[in-house]
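Shared chain: chain A. Partners: chain B in the first complex, chain C in the second.
So, the complex of A and B:
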């Protein structure tokens, strides 16, 4: 039985290439995560706290941007080719965007990693949010811009494929997987405009010295204009797998094709006009705009709640096809030994928990308690870190055989891997949520302060730290096992039928879906109008308050010698006032330090 | 489009949940009076804070009976005041913090409370809180601001009213 690689060998090579980049990023990013988990819990410190932020920037960029998005473009290429059942319009165009994205990613990563080597005058310790006026090396911004332009060309490639298919099939419904790709890309085109303007118009000229200053609130708002939709960009590949693959793995079929389309249309409409919910605590933005963003955010729960229903119903249908019975006993009839199924199901389960902590983040006033605390990474390690990452890893166990013609090296090892991830994340994320409620901040190398102690109502701070460290170790072990299993699969020999790759028709087929759902131009138009409504006034206010180019010159992230000297002088001076007044050596030290600072 | 009965029930429940969330947040804002950080603080020139009438001498200013303004500058990697000496306010007072940054974006979090704001250069965040009991609060920066971010902290000393005197007004 011919699988994807037999029918579309050129496209399979493209997808394999993007997966290679994705998994290399996963390996490095996960290693950085291990260093962080052990460092900030004080279990094992192999780096200086000053280098912690280089590691953190690498962790965020390599996992949240490269790992997820390189996987996405591979999966979407597969889905478009399989969905339309025709090759890409021009394979050279496809390789062009793979090359551009990879070059951009390598450049930006180089700028980040150079931060470890003081001799190289290049660093980008600005974290993946790169808030100005912290300034990175221009290569970081240029690489990021190239990467984003690469994703745009990828989207154009898939829309060209759609145009070709539509000419030959004027009356057909868009195949469901292709529909999911196209709607996701509409959302991406609308939302990346913000970060593109921020990087190309402001940050690149500013880092090159062409313009002197930026408006920090403007670039921050433009970042979050993109920064929330990007989480749905991560999530949509997982949804594509949950809707179209998970039901099949469970032994059944999708419950409703029309409802799946409704869900993706809702994401097109609502993903972007919500970014200000990341800025509930920002000055310079009126409360009314924050309230509008919150209302939109709450309605964005709807497609995810609908997804919970459809996916669980589909899986239950599968279980009953396999002989499952009773209200809950059908759960036992599911193929739990299949790593692809078990991984996706566990990912979905954790997404439910992550969804609830997300609802709390979205609440405008309760957010004040958790904003920028450890609660927030606790939340997104459940969502992007498990719902997305674990689904991608589990999906690989089903997808890779189709792309290579080789069966998965070891399914039991795969099962061990997905379970290790789930258990590790249960430890780490619950402890992070609890730590956040106590006020422990995120993005900090050393959470031990001089002026105060964090007080735990239940358990202890030490126990929370141990859970984070243990969870971090388990997660890293899981990634190592995954990479081993994938590499061993690649090294294996081809067989005739590496995997059952058929996807059965949904119970309620697309014929029942209103035609208007496939009107992509209409949804794009409404999405743009909603964005204009949500953003025109806040952006106009921010620009009229502080100017288009603001007044902030760039600041280095580097540990400034001047600051070190000032702090030491202050400390020494305080000591000398109390007990050492007039002792000559102390004054001499102060003098020499002040000399250094000049 | 055919929608299954269970789907309709689920959809209604989901919408009810969403409307319920928006209603409780609205009640928190209007009924319980939890104010958001907004645009009322206005703007300031982050490069000329020493020419500002208040930020040139940051600290506590009395504005009325039991009412105080506290001006705080956040900068890499300290609060002025707050780090080298605590911010001082009297107990049983209503205090409005005015927080800005002299360089990059910082956070200003009173540890273990929901008094929490961003400090953005060029913008002034204002938030009003009530201090009842005399005690010490920790203060930390919760937005990454550079390589010594983890050292950026401070404290707020809520002084018993009997010990409060005018010399404590401007730190």
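So, the complex of A and C:
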């Protein structure tokens, strides 16, 4: 039976290439993670503490950007080609963005790794959150910019594929997987604008010495403008797999196609106007703007809770079809021995816990308690570090046979691998959360201080450290096993039917979904409006406070904006009151504007 | 009871097990192939009945989500003690 590689051999090569880059990044990044876990817990210190930050940057960039996003572009290419059931428009364009992204990633990684060699005048110890005032070598920023432009071309490639498909199928609903790819890319286009401006306008000229100063708060804000949507960029491939593949692996069908579309539309709308919730403790941004960001963030819980229902219901459908009965006994009927299923299900379970700690992060007042503590890495190791990473690894056990025509080398080893990851992360992330509540800081090589001891209410600091070290070791072992299994799969021989790659129709099909859900232009427009509403005033305030490039009073934006705001508020107030009284509102606006101008 | 073959529209297609070998050089390996023609463990197995949209009542999902909500609610109450009774109030605005 023909699988993906037989039908689309050229595209399969592209996806294989992106997975290779992704998994190499995973191996290096995980090794850095092991060094960190052992170093900061003082179990084994093989590096100088000064080099810790080079390791930390490498860990963050290689795992959070290269591993996740190279996997994403591979998965999305597969989803577009499979969803539209046609090849990409021009395979040369596809290879072009793969090449650009890879070149950019290699350049940026080189700049980071050069930090280990004092003889090379190059370093990029700026952490994954690469905003000022930490400064990297220009090569790091240029590489990152190339990488991001590469993802834009990838998005354009998929939209071209959509255009071609639409010409042939003018009245069809967009296939669900392709819909997920396109909506995710709309979110990505909107959100990467911030980091692109930050890198190209400020950080590259600054690192080259063309400009002397930048406004650090501006680069931070532009980074977080991108830095929160990027977490959904990591998450959406996992959601794509949970919605379309996990139900199938469970033996069932997706519960509702329309609900899945609603969730992705909500992410387009709400992912970007929330970035300021990473900056609750930043001076220079008014509390009111932070409050707006918090409100938007709480709305973002909605699509994730919708997902919890839809995905669990789909999995339950599988269990019932497999003979499962009862309120909870059906869980036992699921195919827990299948590494692809078990890994994704465990990843979803961990995401439920990460969702709770995310709610804590999102609350303005509670955030003060955990800000910049080890709680935050505890949170994102549950979300991107497990919900996303474990889903990607588990998904590989189902995807790789389609891309290579080869069966997974060892499914029992795969099962061992996903369970090892889950157990390792239970140790590490729970200890990180608890350590954070005690005030242990993050991003610190040696969180030990003279004349001060952290006090644990339950357990001890030593026990927390040991859990982190043990968890880190287990996670690294899991990655080694994964890479071995994947490499052995690649080295295997091809077989006829390496995997059942069919995806069953949803229980509630797309024909019941409102047509407006497929109106991508509408959702893009609303998303842009929401971004403008959420960011215009904070950015204007930041620029007027310290100037576009920092160091000076920039523009008198504050004065003119105050005037505008006052006038609008006065006008709106008058309009509503006057409308009730039957007075012409236009006159009221004119009057109030005249008052303001006096 | 073996898995039923699918007849409904849009259901999982029952694959042919003989391997047509359209491209490449697939190697037949009868020992590790299940009844449906897939490498053992990778195919859909264990499905004993087909449940349509109206036959399926996700009551187990309701139970799981209720358990999650109880946990989140309990953690929320616990957080009240950690944040507000464990230290001074944090004032915003």
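By definition in this document, the second predicted complex is superposed on the first by the 550 of 598 C-alpha atoms of A that agree within 3 Å, B and C clash if a C-alpha of one lies under 4 Å from a C-alpha of the other, contacts with A are read in each partner's own complex, and residues count from 1 in each chain.
In this section, contacts are C-beta pairs under 8 Å (C-beta built on N, C-alpha and C of every residue); 3 or more make two chains touch, one makes a residue touch a chain.
Computed from a predicted model, the values in this text were never measured in an experiment.
Determine, for the superposed model, which of the two partners chain B and chain C contacts more residues of chain A.
The partner making contact with more of chain A's residues is B.
Between chain B and chain C, whom does A:287 touch in the aligned arrangement: first, second, both, or neither?
Once the two structures are laid over each other on A, A:287 reaches both partners.
Name the contact category of A:323: first (chain B only), second (chain C only), both, or neither.
In the superposition, A:323 contacts chain C only.
Of the two partner chains, chain B (first) and chain C (second), which one does A:364 touch, if any: first, second, both, or neither?
Touch status of A:364: both partners.
First (chain B), second (chain C), both or neither: which does A:309 touch?
The answer is both, since A:309 touches chain B and chain C.
According to the stated criteria, A:508 is in contact with first (chain B), second (chain C), both, or neither; which is it?
It touches chain B and chain C both.
Should A:495 be classified as contacting the first partner (chain B), the second (chain C), both, or neither?
The answer is second: A:495 touches chain C but not chain B.
Should A:405 be classified as contacting the first partner (chain B), the second (chain C), both, or neither?
second
Between chain B and chain C, whom does A:127 touch in the aligned arrangement: first, second, both, or neither?
The first partner, chain B, only.
Just to be sure I read the superposition right, which of the two partners does A:438 touch: chain B = first, chain C = second, or both, or neither?
The answer is first: A:438 touches chain B but not chain C.
Which residues form the common part of the chain A surface touched by chain B and by chain C?
In chain A, positions 255, 287, 291, 309, 313, 359, 364-366, 368-369, 508 sit in both the chain B and chain C interfaces.
Can you name the residues of chain C that touch chain A in the complex?
9-13, 15-29, 32-33, 36-39, 41-53, 56, 58-61, 63-65, 68, 71-72, 75, 79, 82-83, 90, 92-93
Quick one: which bits of chain B touch chain A in the complex? Just the residue numbers, please.
1-4, 6-7, 10-11, 14-15, 17-18, 21-22, 24-25, 28-29, 32, 34-39, 41-43, 45-47, 76-77, 84, 103-105, 107, 109, 111-118, 120-126, 136-151, 153-155
Please name which positions on chain A make contact with chain B in the complex.
My answer: residues 49-50, 52-53, 56, 125, 127, 131, 133-134, 215-217, 220, 255-256, 258-259, 279-287, 290-291, 294-295, 298-299, 301-302, 305-306, 309-310, 313, 359, 362-366, 368-369, 371-373, 438-439, 441-447, 449-452, 454-455, 508, 512-514, 541, 545-546, 550-552, 555-560, 563, 570.
Would you pull the chain A residues touching chain C in the complex into a rising list?
Touch list, chain A to chain C: 1-2, 5-6, 9, 248, 251-252, 255, 287, 291, 308-309, 312-313, 316-317, 319-324, 326-328, 330-331, 333, 335, 337-338, 352, 356, 359-360, 364-366, 368-369, 398, 401, 405, 407-408, 411, 437, 493-500, 502, 504-505, 507-509.
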